[in-house]
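Both complexes shown next keep subunit A, but they swap its partner, so subunit B is in the first and subunit C is in the second.
Here is the complex of A and B:
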């Protein structure tokens, strides 16, 4: 299955949430791969702690492959090549975790027929090997989004299942922006319809994910003044209303990830070691990632009401 | 003078095994050319040969650059209606002239690449089989992979394979042996979890027989690799015995009956298989794995029979 990760604004935690979700999925025994389609600023290397490709690779990344300079993009097996000890060595029962990095100095490029065909061929080849392929797209309405919409509309890919996740933070601006990215003019649904997808079908295959969400009822907020808490509750209520008025509400929600200090300061994978031994990350965050990893393949969660 | 090749092997993206008739249609890639097929001892279909023109640097172990111009041969093959292979090879020969000639010259020698300038055969063989990444050199694997992609994206397939697995690549070279009557000898190496190399020394009388040997070896290496991967995922993964057995089902359904080493090979290349059977012992490991799977199934049956009926 192909999963496309999109967001309207940068800094929504799209990459870090989707890589953590994928990591949890691999721990659950699924064979997964992560494609860094954020051509302007490849960052996946940093999240997976692969020092040699922190800002993309020089050994033939996705950009060069799509450009036609290479027969196959570079692949990195995270379990063997990560520079972080707690990610090294595949835990028993875990699936494969492979990263396809972007290229250094890549940049966006306009979609062409050949590009779309190469992209489709790559998807088909990954589909042969992996249960889940997550494609991390650049923020906003990008060429990358147009390209993957055109590729998935090709007849060869018709029987390949694909799903879309749109990430947004839990603030007024982000809720409106996410809604605009999906439903607005030249948004994902619009662009999808133009590429040959069915609009309703696309909508059934798209869900929102809220990131860095502060729960007003969380015990961690006990130190706040009553006035502050009351204000938070009010804001949250307003946001819930705003979200449902803009079709970003509960029925279109796949999951939310709580605000975690670790992710605020560094984009990284949260290992069990970070939670249990070092106690720097919250258990709730990891549970949210694990839940997302299960929901993404759970057909019941994708049924329309 | 030197023969180079690369075989890719993978699972056909279809839910069930494809009949001989359907396979023949699937591999009918060129109009007017016959698809070769045989039914015994196992269903086997080969597409017509395709030629690809190349003009590129040759990989070398020493890093010295040399250029090759000519054509490479490739075809797709399917075994048992389940396993798809893309195979590409070419023979290298010293060009008479020191410049590139008109294409009709190269087309008159299909499957030959002529090297321009001085070339050390062993150096090229080392560079071709070596693990170092050499961009912009002769890439036979890319042609094999493209051919497989072309078959896999056919509308005749339902793209619902019984399980997912990686393709394996066997990169091989044949260096001519010094004596004409010498037996074929080979060194097989597992370079990474997907790449294997085979370095052959053989009299180069019969290149098609050598190509068939490499394809046969690639097929059996893939079968073994895939079976071991399925067993590992199934037996080390979480779950009850019944769930584990259930995860082994695709192996029983589509792999176990395909093991038939050296079934169609020419006598002249059999010594290579014989050596590999001696060590590392392909069939030995396969038999042990098959027995282990059958034992697991038997145990689970016994458990079912002993369970109190509800």
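Here is the complex of A and C:
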């Protein structure tokens, strides 16, 4: 299955959330791969702690592949090549976790027919090899988005299942932006329809994920003054209504990830080590990632009203 | 107020789901077994808060987390409304017969003196079912209308449309049923009924002739309006003669020989009636409450009624007006030193007397008072009656060992359904044990009508005490825990313990909690006294603040500037809210006065020392 991760704004935690979700999925025994389609600024290397490709690779990344410069993009097995000890060595029962990095100094490029075909071929190959391929797209309305929409609309990929996740933070601006990215003019649904997808069908395969959510009722907020809590609850209520009116509400929500200090200060994978041994990350955060990893393939969760 | 309706309603929701939803299926029927009324009551325990108290389930995007949590067994936020749609659909299918006619039978709620009722008797339509169906169908249609906005899948939209059409048919049929069970009982002054009515009315020992003339005078408009009753039952011709009296309201079922009501809606066959043309207080109150829901703001805003239903609703509204006017007049008849209502217990024209009847007449009288006079003084007298009823029914007082008042609670008041034996079989009876729940609902309702804060507080205090009693009567064990009714827990005299919940009783408690929610939603009552006091305080504080500025205090260092800034902000806030929340404004102003006085007192010290 192909999963496309999109967001309207930068800094939503799209990459870090989707990598963590994918990591949890691999731990649950699924074979997964991660494609860094954020051509402007590839960062996946940093999240998986692979120092050689922190800002993209020099040895033939996705860029060069799509450009036609080589036949296969570089692949990195995270379990063996990560520089972070806690990620090294595949845990028993875990599936494969492979990163396809972007290229250093790549930049966005306009879509062409050859590009789309190469992209489609890549997806097909990965689909045969992996259970889940997550494609991390650049923020906003990007060429990358148009390209994957065109690729998935090709007849060869019709039988391949794909789903879209749109990440946004739980604030007024982000809610509005996420809604605009999906439903607005030249938004994902628009662009999808133009590329030949069915609009309703696209919508059934698209869900939102809220990131860095502060639950106003969480016990961690006990340091706040009562007036601050009252205000926070009211704001949250306000946001719920805003989200509902902009069709970003609960019926379109796949899951939400709480605000976590580790994600906030350092964008990285949260290992079980971080939670249980070093206790720097919250258990709730990991649980949210695991839940997302399950929901993404759970057909019941994708049933529409 | 000690009642916390939100928390209580959530607890009832959790309990309703726990005892009704088993193995992924809705289990119908409680203590008395399933029937068209009990099953509707069971559903209303979930739907009443959802549609009338803003416990929104129909907008899954906005449902509060706490509500989803208690309904968890039904599914997640998006599944809960779907399950409700399915269960509602099941209800409507269960109570529609093969010819497509909605069924309003009383079945397991009918009781007898021992003999088995015949099948034909069990199928008799009953006003309770008409009334409950109106409430349920309005809730269901409203729920479907709002929920539809969140749905895109064709098959779900079809399910919703199907539910809506079934609910609409049942709603129309119930309205027709009420039009055919409206009863006007006309009698001579010298008849038994006439004499009984005169005795009830005559609280100042006047000659009977005067009583009759006075009553007819005060009811002149009502009597005139009876000419407009042109469809259904209750069409009378002979009210004009000066020695005739009457009473109006609802009989227990379709009145004998009630003509069919012509309608364009497909409601199937209209059964012949057997009920006598005599109003029953219990059924009248039930019908009046249900009819009222046809004109609520929600019904109008959501446009829940179609054209045909609006026509029927207008016809029902006329009967509602007549009934309300009649009972308000009768209950508060006389020169005012003592109302017939205050002469507890109320005696009906067929010579039955019970505190429960007083409570029912109170409900009717209040509705009349609200529209005609609505003055606090009159409501306050009704409030005193409620207080005394709570006392007499041993809700706020301890009972004797062998206390006859306890029969009100268990088994309850027995209402004989006259003429029900005409189909063969024994005479049917209807048992009504809702006294405490109804008392709570009426108390809260009247509390909400007061414009005087003290009077309102008195009523809400009574409501709290009735609630304490109701809490005692909750079931405490098993699946049905937190539901009602276990009278043996409140009264040691009873020995029967029940395992299954009574939906009849629980629904009434839910209704009274919903009434409480509606009252708490309104802004607090303002007392003029308090407003004047707050304004006086505010004037003084503002003046002192201005003096402070004039003397140049604000030019002092940052610490002083900050203090004066806080003073200014508080004064502005107090001025803003002084008319809505005078008490809060006074508190804010007090803090301002205190901090200004600190400065003053300190300066004073200098001048005194010097």
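Worth pointing out:
In the analysis below, the second predicted complex is superposed on the first by the 305 of 305 C-alpha atoms of A that agree within 3 Å, B and C clash if a C-alpha of one lies under 4 Å from a C-alpha of the other, contacts with A are read in each partner's own complex, and residues count from 1 in each chain.
Simple rule for what comes next: a residue touches a chain if its C-beta (ideal position, glycine included) is under 8 Å from a C-beta of that chain, and two chains touch if they have at least 3 such contacts.
These figures come from a predicted structure and were not determined experimentally.
When both complexes are overlaid on chain A, the residue A:125 reaches subunit B alone and has no touch with subunit C. Once the two complexes are overlaid on the shared chain, A:86 sits clear of subunit B and of subunit C alike. Applying the stated contact rule after C-alpha superposition, one finds that A:156 touches subunit B and leaves subunit C untouched.
Of the two partner chains placed by superposition, only subunit B is touched by A:60; subunit C is not. Of the two partner chains, subunit C is the only one touched by A:244; subunit B is not. The partner of subunit A that touches more of its residues, comparing subunit B with subunit C, is B.
In the superposition on chain A, no contact is made by A:273 with either subunit B or subunit C. In the superposition on chain A, no contact is made by A:112 with either subunit B or subunit C.
Taken together, the two complexes place no residue of subunit A in contact with both subunit B and subunit C.
Of all residues in subunit A, only 29, 31, 59-60, 70-72, 92-93, 95, 121, 124-125, 127-131, 155-156, 159-160 touch subunit B in the complex they form.
Subunit B meets subunit A in the complex at residues 10-11, 13, 133, 135, 139, 141-142, 145-146, 149, 152-153, 155, 158-161, 164-167, 233, 236-238.
Interface residues of subunit A, counted against subunit C in their complex, comprise 200, 203, 217, 240-241, 243-244, 249-251, 304-305. The touching residues of subunit C, when paired with subunit A in their complex, are 59-63, 65, 77-78, 82, 150-153, 156.
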